[in-house]
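As written, the chains take the letters A, B and C, and residue 1 is the first residue of each chain.
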Amino acid sequence: MSTAAVPATKRGVKAGKPVKSQRTKAEARLGWMLAGPAFVVMLAVTAYPIAQATFDSLFSYRLTTPDEREFIFLDNYLLLFSDWTFWRAFLVTLLITLVTVAIELVLGFALALVMHRALKALRGALRTAILVPYAIITVVSAFAWYFMFDINSGFVNNWFSWVPGISADLDWFGNTWTALSIIMAAEIWKTTPFIALLLLAGLAQVPGELVEAAKVDGATRSQQFTRVIIPNMKAAIMVAVLFRALDAFRIFDSVFVMTGGDQNTEVLALLAYRQSISRLEIGLGSAVSVVLFACVLLMCFIAVKLFKVDLASGTDQSQAKAKKGGAEQ
Amino acid sequence: MNPKTKSRLGWTVVTVLVLGYSLFPVAAIFATSFKTPGDLGNQTFLPTSWTWQNYEMIFVGDAQGLFLSALRNSIGIALIATFIAVVLATLCAYAIARLDFPGKRIILGAALAVSIFPVISVVTPLFNLWRTIGLYDTWPGLIIPYLSLTLPISIWTLSAFFRQIPWDLEQAAQVDGATQWQAFRKAIVPLAAPGVFTTAILAFFIAWNDFVYGISLTSTEAARPVPAALAFFTGASQFEEPTGAISAAAIVVTIPVVVLVLLFQRRIVSGLTQGAVKG
Amino acid sequence: MKRNWSRAAAAAAAATMVLTACGGEDDVPVLTWYINPDDGGQQALAQQCTDEAEGAYRIQTSLLPNDAPAQREQLARRLAAGDSSLDIMSIDPPFIPELAEPGFLAPVPEDVAERTTEDTLEGALAGAMWNDELVTVPFWANTQILWYRESVAEAAGLDFSEPVTWDDLIEAARDQGKYLSIQGIRAESMTVWVNSLMESQGESILVDPSAGAEELETNLESEAGQRTAEIISTIGSEQLAGPGVASLDENQSMLMFQRDNGSFMVNWPFVWPATNAAAEEGSVDADLPDDIGWAEYPRVDPDIPAAPPLGGINLGVGAESEHPELAFEAIECIVRPENQTEYFLTNGNPPSSASAFDDPAIEEDFPMAETIRDALDHAAPRPQTPYYNEISESIQLNFTPVSGVDAERTPANTAQYILDVLRGERLL
């Protein structure tokens, strides 16, 4: 996240002038000419399909019996909301989201602090290491975790057989809770670095003088942390949490690879996939997709309205500051 | 022990812990990729005897048709999707950072909205559309949807980068007698290039990582990317397990990622934290 | 451009063999054969028939995913997409009706049907039909037999020259403290098992498989259904199939059978070459193969012959194929009995043609060939309905984990579940 250090742009200085000249018009045209293609492409690859999905979700439509396609209005949704399979997938998705984000926040904070305070010589190594889980393919990470715990090929049962409850006979993927734990562990491992990096950027924004002042005032370490550092990082924390939560809610790859939804570990994205891609029930699958999309929108809406998360803080805020700075010059 | 050595020792321990955290699962699958079929079931971390046979299987053996074509598809598709996204995003971000025009916020907002989009929601309609217009199981059939993953992050990251460029330099150069193009090339390009490059790396990671589009919109070696192909590996017969081949292929596709991270960790970190968006 | 690339890839894959038939490839019609994963046998057959065609056509293979439902998914999606590249397809029999019903498969010309099914084994032929018509050509047929460790059988006093029952096996495994190798994973193999247990009592899962979605009825709520669930639940609740039963697929159950606590196993013939290879390689005891015996699939009722599972692969032609005649010509070449023999020897997949078993080389490599052939005559196909996928998944859902199966409730629940799903009243 950039800070007030961003120099005022030339345009920023002029933007305040209220003259609607030929030039502004030309600028607007140029702006849309440059930005337009990207904008159109983004809309074309998402807005059109989701509209189509919404339309399809009103039909009973199976790909292998195209002649029996039939308009059934909201029946697909009624079926979803009256079926425990859907609610179970919903709850599992919610659980995974809550647990992983909570743990990642704590773990991510620890990692961010480590990176923040680390000796210069170590920083490079730490950052490199932490980027590996971030950049690795999710499917690869899922296989890695799967092979580690798999009752047939994994070494975990062998290594940890001294822990009560773990023995050579423990089938991690044969039981809902153990399977979910591994899925969540893999997700946490893979995405904590992302949160840690965002928090690191947040930490860098906390004014050092404030911490020093607190120290002088005799604040303990934990007081410095809870009273000074965290309040000053609130924006960064909220953005990190929201992005991760939205991401976690769409979880698919790890579950697909590790259990395929068995042992009641099915998540919403997998449910949508199974209905439309495996069963070829386009109508029903589209309904699940639309519901999933609505959930994500709702989460976003709640965050923005209720918690006042400023998603645009990365750019617009600094722009505002830059503008302000420019105007004062 | 004086405080300095003590702190150094503490940091070494912490570093080792973080390294262990980050690398352990990778190390595990690395070790698995060198196991013989007999070792796969023996529940140990390291192979009892190291073998290249899993790598032989995917590069010259039975699985090569599956793996090599997937590798080619993945590299080609991810690179093209990255390239298109970066070009479009560069123009877009330049306009956002440099020009004042109505609808700027809408564009940034749209990028944000697209980046939170559940891929699975658009896959079914795309599948239906692609099969009617013949894009199913082709490169463009993946490149186009990949733009929904790579474009938003590119726009955000680049906008953030471009805002930090002191555009006044351009004018300063012009004052010094350079033409506008010269000024742009000499003063601005060197400043903007690192940002564009970083953005390209991040976009590539995301395209490289895709799984949902990969399994839903392809069905043969013509376009199937590596993550999807991993789920297709087989053992010697249809009932035997492909753990070794999967592990070897997983390591192969992790190498480029690790190399990029090793070379550009500083840039990647700054790009990630500036854009503050993940696809 | 992509097509050229994939063509180049296929050519590269077969580089060594291609050399012989390199001239003038450009004008030759290319037939794409979507193959299921095997040990390279279909690739070799494609090459062989290409050579024999002398320029009439060229067969190029394209690999499908690992498990049968995923193969069906890929094929169905492409067929629904009206893809003209689906010239020849390797299809698992239970999924044939779903593809045949909407007309996705080109009809098999009568003369081809006649020539290719002259001596096809009973079970395999049944799996190739839909609505009393041959819609695919049988290529190879698979079935499960009972494999046993002679040492364990001896200790338990079981005589395998006579048919044995599931009860015998359960009791022997219990007494000897050994594990029974069944397939307990939530996958197609579970439906395979349930179907065989039902059919072995002379009942089918569906009352009338050709009925529409609204009218389908099951036979699960019956004595046979209860007996089926009872066998599965006994093995599950007493942990007779070991602690990892939830992840026991065909391969894992074979590996368990090979270990010291292995006893009896129902499985496909691939286990024989696989076990021999493992013994040669040293990953299992070198003399393990000597301890392995085989017999007919276990019975449920001692007086009713068992109906072992039927698997295998049939070849179909896509309705949109640009070269259907050539495709059927190629299929005739592929499924010739001597090719089926060769395929059995090299890939371990048994022929669907009776005469293909006559080659003495088979007896040498597969001493249990006779048992397999007999099994194929008695094998029962899984329900042949366009809704097979839904039915199979419902069975898998309700019959796993096997430890949770209840003789009273599970069959009734499954029956209800299937009806709800088919009537669109429930998700799957």
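The criterion applied here is as follows: contacts are C-beta pairs under 8 Å (C-beta built on N, C-alpha and C of every residue); 3 or more make two chains touch, one makes a residue touch a chain.
Being a predicted model, the structure only gives us computed values, none of them experimental.
Peer 1: Which chain's mean C-alpha position is the greatest distance from subunit B's?
Peer 2: Result for max centroid distance from subunit B is chain C.
Peer 1: Counting C-beta pairs in contact, which two chains come out on top?
Peer 2: The chain pair with the largest number of C-beta contacts is A-B.
Peer 1: So what's the Cα centroid distance for subunit A and subunit C, whole Å?
Peer 2: 42
Peer 1: Round to the nearest whole Å and give the separation of the Cα centres of subunit A and subunit B.
Peer 2: Subunit A and subunit B have C-alpha centres separated by 16 Å.
Peer 1: In subunit B, which residues are in touch with two or more of the other chains?
Peer 2: 41, 127, 231
Peer 1: Check each residue of subunit C and list the ones that touch at least two other chains.
Peer 2: Residues 77, 80, 252, 255.
Peer 1: So which bits of subunit A are touching at least two other chains?
Peer 2: If we look for residues of subunit A contacting two or more partner chains, we find 152, 168, 277.
Peer 1: Of all residues in subunit A, which touch subunit B in the complex?
Peer 2: Interface residues on the subunit A side: 1-2, 6-7, 9-11, 14-15, 24, 27-28, 30-35, 37-39, 41-43, 45-46, 48-50, 52-53, 56, 111, 114, 118-119, 122, 124-141, 143-145, 147-148, 152-155, 157-159, 168, 186, 189, 193-194, 197-198, 200-201, 239, 243, 246-247, 249-250, 252-253, 256-257, 269, 272-273, 276-277, 282, 285-286, 289-290, 292-293, 296, 300, 311-316, 318-319, 322.
Peer 1: Under the definition above, what is the set of subunit A residues touching subunit C in their complex?
Peer 2: 60, 63-67, 75, 79-80, 83, 85-86, 150-152, 168-171, 173-175, 262-263, 271, 274-275, 277-280, 284
Peer 1: Can you tell me which positions in subunit C touch subunit A when the two form their complex?
Peer 2: 69, 73, 76-77, 80, 98-99, 101-102, 104, 186, 242-247, 252, 255, 386, 389-390, 400-401, 424-428
Peer 1: Going by the contact rule at the top, pick out the subunit B residues touching subunit C in the complex.
Peer 2: Answer in residue numbers: 36-39, 41, 62, 64-66, 68-69, 72, 127, 130-132, 136-139, 219-223, 231-242.
Peer 1: Along subunit B, where are the residues that touch subunit A in the complex?
Peer 2: Contacts found on subunit B: 8, 11, 14-15, 18-19, 21-23, 25-26, 28-29, 32, 40-41, 43-45, 88-89, 91-92, 94-114, 116-129, 144-145, 147-148, 151-152, 155-156, 159-160, 163-164, 166-168, 171, 205, 208-209, 211-212, 215-216, 226-227, 230-231, 243, 246-247, 250, 253-254, 257-258, 260-262, 265-266, 268-269, 272-278.
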